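Each of the next two complexes has chain A plus one other chain: chain B in the first, chain C in the second.
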Partner chain A sequence: MSEYNHPYKDVDFVIKEIVEFDSFCQNAGLADINSEFASVILTEAAKLGSDVIAPLNTSGDNQGASLKDNKVQQADGFKEAYQQYMENGWSSLTAEEEYGGQNLPNLFGTAINEIWQSSNLAFSLCPMLTQGAISAIKHHGSEELKNTWLPNMISGLWTGTMNLTEPDAGTDLAAIKTKAIPNADHYLISGQKIFITWGDHQMTENMVHLVLARLPDAPSGVKGISLFVVPKFLLDKEGNTTSQLNDAHCTALEHKLGIHASPTCSMSFGDNQGAVGYIVGEPHKGLSYMFTMMNHARQDVGLQGLGVSERSYQQALEFAKERIQGTHKDGSRFSIIKFPDVRRMLMQMKSSIEAMRALAYVASNETDKSRYAKNAQDKTKHFSRVELYTPIVKGWLTELAQEITYLGTQIHGGMGFIEETGSAQHYRDARILTIYEGTTGIQALDLVGRKTLFDKGEQLAELLNDIEMTAKELQQKPQFNNLAVSLENAITTGREARQWLLDNAQTDKSAAGSVSVNFMMMFGYICGAWLMAKAALKAQALLDSGEGERAFLQSKLVTTQFYFDHLLPRIKTNIAIIQSGSDSIMSLAEDQF
Partner chain B sequence: MSEYNHPYKDVDFVIKEIVEFDSFCQNAGLADINSEFASVILTEAAKLGSDVIAPLNTSGDNQGASLKDNKVQQADGFKEAYQQYMENGWSSLTAEEEYGGQNLPNLFGTAINEIWQSSNLAFSLCPMLTQGAISAIKHHGSEELKNTWLPNMISGLWTGTMNLTEPDAGTDLAAIKTKAIPNADHYLISGQKIFITWGDHQMTENMVHLVLARLPDAPSGVKGISLFVVPKFLLDKEGNTTSQLNDAHCTALEHKLGIHASPTCSMSFGDNQGAVGYIVGEPHKGLSYMFTMMNHARQDVGLQGLGVSERSYQQALEFAKERIQGTHKDGSRFSIIKFPDVRRMLMQMKSSIEAMRALAYVASNETDKSRYAKNAQDKTKHFSRVELYTPIVKGWLTELAQEITYLGTQIHGGMGFIEETGSAQHYRDARILTIYEGTTGIQALDLVGRKTLFDKGEQLAELLNDIEMTAKELQQKPQFNNLAVSLENAITTGREARQWLLDNAQTDKSAAGSVSVNFMMMFGYICGAWLMAKAALKAQALLDSGEGERAFLQSKLVTTQFYFDHLLPRIKTNIAIIQSGSDSIMSLAEDQF
Partner chain C sequence: MKILVTVKRVIDYNVKARVNADNTDVDLANTKMALNPFCEIAVEEAIRLKESGTATEVVVVSIGPKACQEQIRTSLALGADRGIHIETDSMPESLNVAKLLAKVVNAEQPGLIIMGKQAIDSDNNQTGQMLAALLDIPQGTFASKVELIGDKVHVTREVDGGLQTVALNIPAIVTTDLRLNEPRYASLPNIMKAKRKPLVVQTPADLGIELKTHSKLLKVEAPAERQAGIKVNSIEELIEKLKNEAKVI
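Let's turn to the complex of A and B:
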């Protein structure tokens, strides 16, 4: 077991220096908001995270959630922690004022979510799914629907779930079979859903399930899916929760590798008369409504990769400083952090995490920039950047989280394999992140397909041009000459990959899918290098002007150098693989495997 | 849960075509032994593996081992499986005839161990540790010791354990505190050991613990450690097991991430009068005796990486062929193996496994070549090659096993995270492999230190020269021109890395430790490329002459190409990292982490 401490120095630096949040707030006309205010808010969130939510991480893993009489019992302490989370107003931080929200920028949500996720990945999923459900209703629901459901979800009084997957419909949502039959002012829903995160619990008076289902006249495939709100308990005419259970309940809990305290439910809708549901928006548009939420949900899962990595790093660092295993020539002993290979692993974790955080926060702020844009062109520009970043944030951050939590256990040696140490939990918990909300393969396909081939690589070209501006800045500083050359080379490599994709995707229909994951990872490493280079420029400028904390700023120069030495060279492998195309992937007959 | 099928086609191919086992047997004068005989033996072992041992893998994981009254109860079915293993004579396969062994070459042991390890990693550890104990006694024990202990260990009637680690002495064996006091014809041992694999069980009538301890007059540090045989039950004068328990017992079992059915014991020696022990060899030489065993034990753990990877691959492949998730334009559905990214993952697993197997078997056969060498020079040459391969086999194979078992769960999508699917078990089980018998960092240090710097890179230069001979063979075949160029480049890269190490290790004392893991991984990839290239040459020759199974031989050409496209390019990253040296690893002060 380990404590969690909010890495406030790096978080503050990213918000202030890399996102450049203060100038964003000024441009957006957000008079009362700035990076200092963010820091104050985060300090408060960090207290709840460290003192209340993080201590439940180990106990929640050991106890897990349990099912009795169709009711899910959450792990001990979770209800009380959730209560504090709700009462302190964290649930409403970024929601609209109209429904009781505090209307703070999206970046605040990202920065506090990192805290919940580092503290307790299983716990953090409950608010995260609720945010997704709120977003679906907010963007696509009727006024009546919004007024009925949003205030209590935003206040945290009710939580939300997302019901997509069915036994035969995982990634392939076209295969969804759940039915919705019109019945007076509502619909009667019936069907089976699986893998429903926090599908039931006893922490709140009610829950709101968002359910994908088919109307009787629905076309087949993905164009025949509609979205419904299905409450756990029915409401009375005033919109208050009654004691009448809807015809929807949890039938089983999955026995999972990790996130044990997050109940993963099999849900049964309409075992009797049918579950009462209310349609969100128009019929047959459910899938496109789901896609609206996806940018947010996928970036949130990417952020979970950051969160669990930070936690794993903190624990490994503490161990490496305390574990005595070496002996000096004079007989005195020393801790393993002095060994170069242990330092290499710690640096790998640390510099990856810093790059991941920078990208997650920059991507999050693009949502704010789109929202507060002064004109339609800027709005579109920033929204397109959100769309481009999303699969990279989800795919790259969660893949790196596997490596980082692996190194976290590796640094512990034999102790890492012992469950009581706690490091293995991070490794187990992290494993889901490259799977849910679309696997790494799905993210990568999204990047090469909808985000690159669809616009002939225009967005990607713009991103690379933005990165080139930083490379030019580096060139002007003699001490950053090496970084400048490496970043320029990386940009060239990125452009080669983009061109290869554009050149080959038409003539070889397997090309895009064959290179996609390497393509996505490559752009992750390039984005990371870009933002670390920005960080180094800013850190050096502050050092030159005598501002800020020297030791921290100097460490930024080192982690940037390490990133360029150890992480960025991976794109040499990525580009070689990409340029080898699909031949050796597609040649075998199935029975030759 | 999944079945295990012995991958006999590839195994036979590796033994016959890559190891070239038949010409080895001829040269060694082993008249009755050849690759056909090996194939027959392996078919028998595969039956026991598939029918008896593999089905216990899931149940053993679920049930685990348990401790009651200082006795460890193994999982259900293990005793009966062990009984069959023993009665069928598998325990004595490679042991010396003098003590009841069958005296078959080491390669037989490797090939059957792969079967046990794929079938059930937890089970396989019991025989594996016994082999290690046998080896220690055989190489260093007195005649009396050998006659007393070896026959029953070789027959499998008694199992063996290795007791090295103590709470404060993991990698750092200098810190060992366990004591051995002379007492008539034996010693009285007292102390605590942890992480003792299969430290107790009820499968056999007796057990033989090998224990590192210090004599009263021992110098401090690693030069004061002696090795002792400590039986579970004392023997009578005829050497038969009595009912009298020694003063040694298991006090606790570890709660681990994986290999649940392998009891990991805390052992207490000498709680009362002291545990009766017999010294192996001379006083104070225990550490060097341990090192004798290490080549074998470490190669065995590398082989475990191969074993669990093969099992994970078989399960993922079956899933990918059965899981329907795509829809053709005509509405017909298809399984996920048709998706390029799923194929990419399967090819990554398959081609890695083939390269891993080739290296493990070639390394194993070097032990045989050393043993049967006609002169001292050849003996030394092959033994040096064993020494060089060992850290690569251990380090590279077990690191790849992490990636492969990760991909195995990834291919399963959401089902991969559900424990009942069984894929997650392989991922959990594999996690120990880069830790025990020396972490990856320790293997890498061994390679850069004792195996490279110590002889000024001579062994490594010879290996690269051997690889170059294969590159020249490739050059002579027009269809292999691309492979030839890639392999030549890889050799050049390997030479650059070697030279960098030789040039920098003296002037920068952190250099070797900073680059070691990348150095070790790079040589793994290069060795893999070499042996896959050999495989392609052999496969093509057989195809040209119309021999062998066409579909299999053609698949070898494809997996080789895939290896060169996807695995070998990783050395571009490795060399860049190596040449960046230690600066960015060593620069931070400890409180800057």
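Let's turn to the complex of A and C:
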């Protein structure tokens, strides 16, 4: 079992220097919110994460959740940890004040979610899904619906779930079959849902399922899906939980490769009279409501990639420092961190993680910038950037997490393959991240399609122009000449890829889909290089002025150099593959496979 | 009844302390700092007394550079009502601290003063005792239980032979031991509220105290690295070694 220590030095650096949160707060007119206050809040959240939630990571993985009499029993200790999380008010962090929230910036939510996710990925999913459900009701529910459900969800007294997937409707939600029949002031829901994360548990007095279903008069396809609130226990007239169970329960739990302590439920609605549900917003608009939450949900899963990677890195680093497995000529022994190849792996983990954190936080703050924009033009500009970042944050961060947790296990050698060591859990837990909330393939399609071809590559061009400003800054500093050249080259490569896509997508219908994952990964690496270059500039400026901790700032310079030496060159492979197009991917007839 | 709690900013107990390059002190530049754990227990005890209705107000006081306000804010986030910061350039010695605190006590007139028994940086364990002497009021040190019964405070003390309970007239000083309570985590709403709680800043001059130096720090060295242990073959050998080599029995 490993301990979790909040990487507060890097987090503080990213918030202060890369996101430049303090100037954002000033521009946005946010009184007494600043990076110092962020640090105070993060310190307190990190205590709960390290002391209470992280120690349950291994035991939760070993024990998992179990199902008895249609009731899911969560792993031992989870209920107490959840109660503590709730009592300390963390569920109210970014929610609106009107319903008992603290209304803090989205960036706070991201930085704090990273703590829960690193501490215990399986645990963190429950609050995360609740945040998603809160967001759906807040944005689309009627006043009555909001007043009934939001306060207790925001306080954490009730948790939320998202019921989208059905056996025949995964990526293709148009195929949803669950029915909703109008019945007086509510609807009766019936149907089967699968892969419902934290679909049942005994941690709270009630739960709120958000369920996609079709009304009797619904048009077929995606335009006929509505969204409903379906509680686990029915409420009385005053809106308090009663002991009467709704006609909705968990019928089975999945046996999974990872996140064992997160119960993945098959849910059955309306086995008897029909589950009582209340419509969110207007009929037939359910799927579009889901899309408004997608940026947030996808960025959150990207962040999980960072969270599990950080935990894997901390464990591997500790092992590399302690594991004595080498002998000097004088007979004295040394630990494996002295081996260059172990160093290479640790540096790869460290530099990837720092780039991932920078991108996740910068992307998160774009949501704040859009929200607090002074005019419509700025609002649109920042929102478009959120849209552009989202598939990259989700796709690139979770793909890198596979590699990082792989290396975490590799550093452990044979011990890494042994479950008791604990490193394997991170490797297994990370595996879901490229799958749920839209697979890597779906993220990549989103980037090439809706986010690039749809606007003729305008957003992507703007991003590359922003990156070029940092390249120009690098050119001003002689010591960063090599970084400046590499970043310029990367921008050129990015522009070539963009142009290739615009040129070929119309003539070859398979082009976009064939190159999409390489395209997305490439822009991940370029964004990472951009923000690491920015980090190096800031670190050097602080070193020059004698501020900050020298050892940390110097390591930032080295980590940036490593990123440019080892990770950025991958875009050369990406561009070569992109320019090879779809021929070798698509030319075989299906029966030639 | 008003309770005064003293809090000190110290190096975080999770951080490995390093000696600075010229061996003059522990290197605190850019080191993570935190509320002294014994002070945290003191704050918790005061808040519990307030929650149980015994106390009406909890005032926290800290002495040191401006950064000490972080620890005052942490205490306010845990539930204290207001803060007093006595700003000094460096960390004054215990006797200076006790003299400054005596002035604060005279101004505030608390019924109970709860302090950590010691700070984990200098480990002196003396400020509480000094303050009691300066104020000429009773002290109950190393407390593992604090109860207000009538007009007396009953303090169960962890002493070498076991537990000793003393009944003190109030106002009195209590210094906390580790087992007094388990401090809570600050909740988010309380962290938010803490930003708006009053915090006044004073200087030693405001309190009419001139800071003096009575001792000089000559040198700081890291402890010698621990040598590998040995196996003994018998209890007799162990006792022989404890007696003659280690000279501990």
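In this text, the second predicted complex is superposed on the first by the 593 of 593 C-alpha atoms of A that agree within 3 Å, B and C clash if a C-alpha of one lies under 4 Å from a C-alpha of the other, contacts with A are read in each partner's own complex, and residues count from 1 in each chain.
The criterion applied here is as follows: a residue touches a chain if its C-beta (ideal position, glycine included) is under 8 Å from a C-beta of that chain, and two chains touch if they have at least 3 such contacts.
For clarity, every value in this text was computed on a predicted model and none was experimentally measured.
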Chain B versus chain C as contact partner of A:Q377, first or second or both or neither: neither
Contacts of A:K572 with chain B and chain C, given as first, second, both or neither: first
First, second, both or neither for A:S243, with chain B first and chain C second: neither
Touched chain A residues, chain B compared with chain C: B
First (chain B), second (chain C), both or neither touched by A:N272: neither
Touched partner set for A:S332, first chain B, second chain C, both or neither: neither
Which of chain B and chain C A:V40 touches, first, second, both or neither: second
First (chain B), second (chain C), both or neither touched by A:N88: second
Touching both chain B and chain C, residues of chain A: 552
Partner chain C, residues of chain A touching it in the complex: 5, 8, 32, 37, 40-41, 44, 47-48, 52, 84, 87-90, 92-93, 102, 548-549, 552
Of all residues in chain C, those that touch chain A in their complex: 14, 29-30, 32, 70, 73-74, 77, 185-192, 195
Residue ranges of chain B touching chain A (in the complex, touch as defined): 165, 168, 170-172, 174-175, 195, 221, 254-258, 317, 321, 324-327, 337, 339-347, 350, 402, 406, 409-410, 413-414, 416-420, 424, 427-428, 431-432, 434-436, 439-441, 444-445, 510, 512-514, 516-517, 551-552, 554-555, 558, 561-562, 565-566, 569-570, 572-573, 576-577, 580, 582-593
